[in-house]
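Presented below is the structure to which this report refers.
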Amino acid sequence: MKNWLKSLKTRTPEEGFDLAIRLSQRGVELTQPSEEIRNVLRPVYSRDPNSLIAASQVIATNFQTVAAANDYWKGEKWKSKSADRE
Amino acid sequence: MKNWLKSLKTRTPEEGFDLAIRLSQRGVELTQPSEEIRNVLRPVYSRDPNSLIAASQVIATNFQTVAAANDYWKGEKWKSKSADRE
Amino acid sequence: MKNWLKSLKTRTPEEGFDLAIRLSQRGVELTQPSEEIRNVLRPVYSRDPNSLIAASQVIATNFQTVAAANDYWKGEKWKSKSADRE
Amino acid sequence: MKNWLKSLKTRTPEEGFDLAIRLSQRGVELTQPSEEIRNVLRPVYSRDPNSLIAASQVIATNFQTVAAANDYWKGEKWKSKSADRE
Amino acid sequence: MKNWLKSLKTRTPEEGFDLAIRLSQRGVELTQPSEEIRNVLRPVYSRDPNSLIAASQVIATNFQTVAAANDYWKGEKWKSKSADRE
Amino acid sequence: MKNWLKSLKTRTPEEGFDLAIRLSQRGVELTQPSEEIRNVLRPVYSRDPNSLIAASQVIATNFQTVAAANDYWKGEKWKSKSADRE
């Protein structure tokens, strides 16, 4: 799996959040490369509330990176409202 | 569910904290998309003190991102009091 | 409970630490809104050393945010000692 | 206990690490104010390796804050060696 | 094992993610230097979903460092599209 | 043990990683000062995969601090290749 991460740049915060999820899953995949085993594990952790919270923590950490890389998308939406102030 | 996150910009720190909570829940929802299963899990983790602390940790991490994106709302409240010093 | 977080600005590091605690508690309250249930849980986690360490971790994370928002209170105490060097 | 945290400024990285420890303990103390109970818990967590690692994680997080507040003590030791390069 | 980390600079985000994984593994290796014991442990944690999520958390933290060190690779891909805006 | 941390400055990223490990161990030592007890605990956590991952997480957090303190060692290796661009 080459070229799965060409850039940290995304057009919107929402796409940035999706990228954060992809980065989080990728960390799991590279630690457990077998898709078969991961498929066995998924129903386990996706029904364990503490696992879900821990997964959300990884996503939050990766979202920090993606958001910083995009300068918090300040240029997009924000420009329209506060271009002269920011 | 499209367009749930149009911007990281909020008017006040309080709205920023609400957004951090939304981001944290979204991380859970995207890992466990079934609302039915999540409804079963909620009473479990919301009565487990360690789960509550872990949830608060995710919110804290996302709040770091939102706060940075808003430059800590320095421009709003602060301006009135310390515009000449800051 | 509206207007619980008007600003991230505090006068001193100590008040900033208090705010970090408030943010951490707020993350718990918004996940478990029932004060009654929280009162039942408190004696549990406040006697579990791992819960106490986890709570301190959440506070540390929120204190990072508050400290950055206040530019680490460099302007206050520090000014008197090192205004010419900093 | 008032005035326990007058400033995040320390003279050396070592004093900064000590302050990070104090901040971490303070987070525990404010969650469990009873010194009696904390004294009962100490021998428990100080012999549990996972608790020790978790405590070290809190210290690391607080040390990030203290180090940033002191601009990583670049001005002190570093100045002598690399003032012209940095 | 000398010279395993010559630089935090990588050509692409993908290579940066690989480096983050290497840093995460290195943290484990330096805590448990015996390759024999690590080989015994691998099948254990690579089938425990919570371990996989925790490993992904370490990778995410190291990726923050590597991404910041590379200024989020803004200069590479981004230049072509937005050199005049950024 | 005085003067164990004179500076966060290291010559190379590799030495910086070593310092991050020292900071992580120091956090444990200051929570459990008895070397005798720590020697009893070491074989326990060094064979528990989740403890090893948690230790690697602490190291990653401290490495963030050390890397930032060294401006990611950009000046060293990088200068040779990209002094005119950076």
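When the chains are written out, they are named A, B, C, D, E and F in that same order, and each has its own residue count from 1.
The rule is short, and it goes like this: contacts are C-beta pairs under 8 Å (C-beta built on N, C-alpha and C of every residue); 3 or more make two chains touch, one makes a residue touch a chain.
Predicted model only: the values in this text are computed from it and were never measured.
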| item | value |
| --- | --- |
| Other chains in touch with both chain C and chain F | D |
| Most widely separated chain from chain C, with each centre as the mean of CA atoms | E |
| Inter-copy rotation, chain B to chain C, in degrees (Cα atoms; steps of 5) | 60 |
| Whole-Å gap separating chain A and chain D, where each centre is the average of the chain's CA atoms | 30 |
| Centre-to-centre distance between chain C and chain A (centres being mean Cα positions), rounded to whole Å | 26 |
| Mean-CA-position distance for chain F and chain E (Å) | 15 |
| For chain D, residues that touch 2 or more chains besides their own | 50, 54-55, 57, 61, 64, 68 |
| Chain order around the ring, beginning at chain B and proceeding next to chain C | B, C, D, F, E, A |
| Residues of chain E that touch chain F when the two form their complex | 2-9, 23-28, 30-32, 37, 41-42, 44-45, 48, 50-51, 54-55, 57-58, 61-62, 64-65, 68-69, 75 |
| Chain A-touching residues of chain E, taken from the complex the two chains share | 12-14, 17, 21, 46-47, 49-50, 52-57, 59-61, 63-64, 67-68, 72-74, 76-78, 81, 85 |
